[in-house]
Amino acid sequence: MKSKVETVDLNVWYGNLHVLKDVNIQIPERKVTAIIGPSGCGKTTFLKTLNRLIDLVDNARVEGEVKLDGKSIYNPGMDVIELRRKVGMVFQKPTPLPKSIYENVAYGPRIHGVNNKDELNVIVEESLRKVGLWDEVKDRLNDSAFALSLGQQQRLAIARALAVNPEVLLMDEPASALDPISVTRIEELIKELKKEYTIVIVTHNLQQAWRISNYTAFFYYGELIEYGPTEKIFKTPEKELTFNYVNGKFG
Amino acid sequence: MNTDNRRRIKDNIILSFFGIQLLMLLIILSYMVGILIIGGIHVISWKTVFTSMLKGGLFETIIGTFLLFSGTAILAAPIGLGAAIYLSEYASKNNKIARLIDQAINNLAGVPSIVTGLFGYTFFVKILGFGISLMSGWLTLTIMALPIIVRGSEEAIRMVPKEFRETAMALGATKWQAIKDNVLPTATPGIATSIILGIARIAGETAAILFTACALTMRGLPRTPFDPIISLTYYLFVILVTSPSTSQNKAYTAAIILLSLVFLLNLVAIVLRAHYRRKWRR
Amino acid sequence: MKTKKELKLNHRKMVKAERNVKILLFTAASTTIVFITLITLFIFMETIPVFLNENLRIKILFSQVWAPAYEKYGILPLIMGSIIVVAGALVISIPVGLCTAIYIAEEASESLKDVFKSAIEMFAAIPSVIYGFIGLVTLTPIVAKIFGLSSGKNAFSASIILAIMVLPTIMSLSSEIISSVPKEYREVSFALGASKWQTIKNVILPTAKPGILAAIILAFGRAIGETVAVLMVCGAAGSMPGFPFFFDAVFPMTAAIAMYMGEAPMGGELYHTLFFLGLILFIITSIVNTVADAILKKSKSATSGGIEI
């Protein structure tokens, strides 16, 4: 099975703080990989190394390799803009941009040079349909995105990321701020999306990881403790630490 | 050249252009101030500072400025601090009067100094009969200093963590005791900063004192608060507007003294503020 | 051990003291209301004679010459003077102020940011009369030389000095507003593949627009109220500025008040006319402040979106 994203001996420092230690992982194509582990143990940092959003952190240092489709993304000649188009990200807070619903989704394509009104219309409709928002908002595309509910805003954020036609979708606790109904909708959406996209999702909700992921990676204070098919990690993990965590022995 | 590089170059060009503007601005400003300092640095002498104006010195102007801002500080600081304490500790946000007071402060801050001077002239000088005097100047300048002191003190007081009051009051202290013994001492650097900034503003003010406190008639130092004075700013103004080519040396001297005073005050305020903001960074 | 009676008396004293303190503080706070009311009242009161005196009204509003020595009180040249000088100042200071504010907020490193902000504050603290002095010494001679004029005291010089004086306002307010745009907006934009400038232009600036507008309006208020510096370099000519007006001497309203108040006999025509000018300035700055405040309040509530289901 092809690995879409791969890290080799990945290490990250924030100043003198060693945040990620020797992470070696192969993330398979078109599957959902869940990243679990206690809070503050580098899960978000790990995600940020995959789309080089870590470049924006002032005193961060990255060593090792991160490969997308076999090619290292930290090479000096790498087109970071193209990388970020291919590897999209959805954050915990939906953060709608201060624009209309339409313009939120159209923002990505616009900055990549798509200015033709017809093209944009198609892209916006397609993206909104994919996240199940189209019927809900098609009559008020010009309304401010702030008028949407939190659950809708998060689906909008996903549509926004999809609008640039990525191949990988990174999701950082996308449902943790939402009510139970919205959470279910997002989880259903993710299960649909994995048919087309490779998804890496950070979650502190173990039941969620169990429900939606094919593979699970357990991170503990910057180290990848164990990684494998979700069923194995949850039912018959190899490491005691993993066992204790998935059975709720510690937070 | 891929899009990434192209965009990076565009980024750099645009932002460098902005940076160059900033640089040029700073250079021009420094040049302008520099010319002033260089022009005056070799003519300034302690003699001028301490010689009376009747003998070609600047003594009275310095005393005038000093008297002006000291008196204003003595008047405005308690009132401003009191207002700030009231607004941050005693008035709930929804209180209509509190909002009115807030509005009043904002409005006062926006009144042009010449208009405040006009008011001072008609009210303090004429109607209350104080005449063109130190007293009228103090009152007029207090109006201008109040917004600065109130806003700054309010900020300093609000920065003090809630716990300081709650702990004291849980031990049985009254509200005022809690404020007096716990909140105010902590907020003192911030309050001091606002007062210093207020003084700095007053020290450099000309328009408001033009016809409320200053007169050219030389009668030596003011003997009572109802005598007029000459301030550094007023002196400079008159000299530069009426006789631009003569007495340049004294003008430069006065300018440097004024500039040093204002810069010093602002520097102290900035340092104080940086210190206490770092301490209470939320 | 204090007796119950003693404790009760003590308690009553404390409550009384508390109440007195509150009254004292409230009095201090209400002086602000008293002051602003008095100012409003008296400015209006001293202007009323102008409205009542038909003769004066005509002289003020329809004359195109300001020459109090000849009993000419036309304020039109003064108003034009203010408008020209303020417009000129804003034309320079708004673009430069915005560009530099963007640089400070987005490009400068943390330590440089503090240095720049302190430098701006220092320049803002320079007294008005010193700016006038600087203008006389450095600017007007150069202007006269470059443009071949007999004197460098004109609208052009006044605009430049005024621009320098309002730049700190625009720069410090705008850079603060830009910095306060939530960092999540930047993250989202970068994650989609936008470049720095694209993010600034399409996300940060639109979000900061209300605040920047408020900053510009406040700068306008400050510019129109500036007195001493413009007085020293404006040329103080009481006639209508001709075309092109930049190298004409002008006489902004503030400068006129400052220059003529000293020689206006109390209660005379000049006296009330000057108050009329003061009233115009007062009304303009009041509107400016109210509008800027309203914009700032509105923008604070607009970016806190997201209604829970």
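As written, the chains take the letters A, B and C, and residue 1 is the first residue of each chain.
Basically, contacts are C-beta pairs under 8 Å (C-beta built on N, C-alpha and C of every residue); 3 or more make two chains touch, one makes a residue touch a chain.
What you see is a predicted model, and the numbers here were worked out from it, not measured in a lab.
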item	value
Touching both chain B and chain C (chains)	A
Most central chain, Cα average position	C
Most heavily contacting chain pair (counted by C-beta pairs in contact)	B-C
Chain centre separation (chain B, chain C; CA means) in Å	16
Centroid distance [mean C-alpha coordinates] between chain C and chain A, Å	48
Rounded Å distance between chain A and chain B, as computed from the means of their C-alpha atoms	52
Sequence positions of chain B contacting 2 or more other chains	7
Chain C, residues touching no fewer than two other chains	195, 198
Touching two or more other chains - residue numbers and ranges from chain A	80-82, 112
Residue ranges of chain A touching chain B (in the complex, touch as defined)	78-82, 112-113
Chain B - residues contacting chain C, complex	7-8, 10-11, 14-15, 17-19, 21-22, 25-26, 28-29, 31-33, 35-36, 39, 78-83, 85-87, 90-91, 97, 100-101, 104-119, 121-123, 126, 143, 146-147, 150, 174-176, 200-201, 203-207, 210-211, 233, 236-237, 240-241, 244, 251, 255, 258-259, 262-263, 265-267, 270, 274
Residues on chain B engaged by chain A in the complex (per definition of touch)	2-5, 7
Residues on chain C engaged by chain B in the complex (per definition of touch)	14, 17-18, 21-22, 24-33, 35-36, 38-39, 42-43, 46, 96, 99-100, 102-104, 106-107, 114, 116, 118-119, 121-123, 125-130, 132-134, 136-139, 164, 167, 195-198, 221, 224-228, 231-232, 254, 257-258, 261-262, 266, 274-275, 278, 281-282, 285-286, 288-289, 293
Touching residues on chain C, where the partner in the complex is chain A	182, 184-195, 198, 202-203, 206-207, 302-303, 305-309
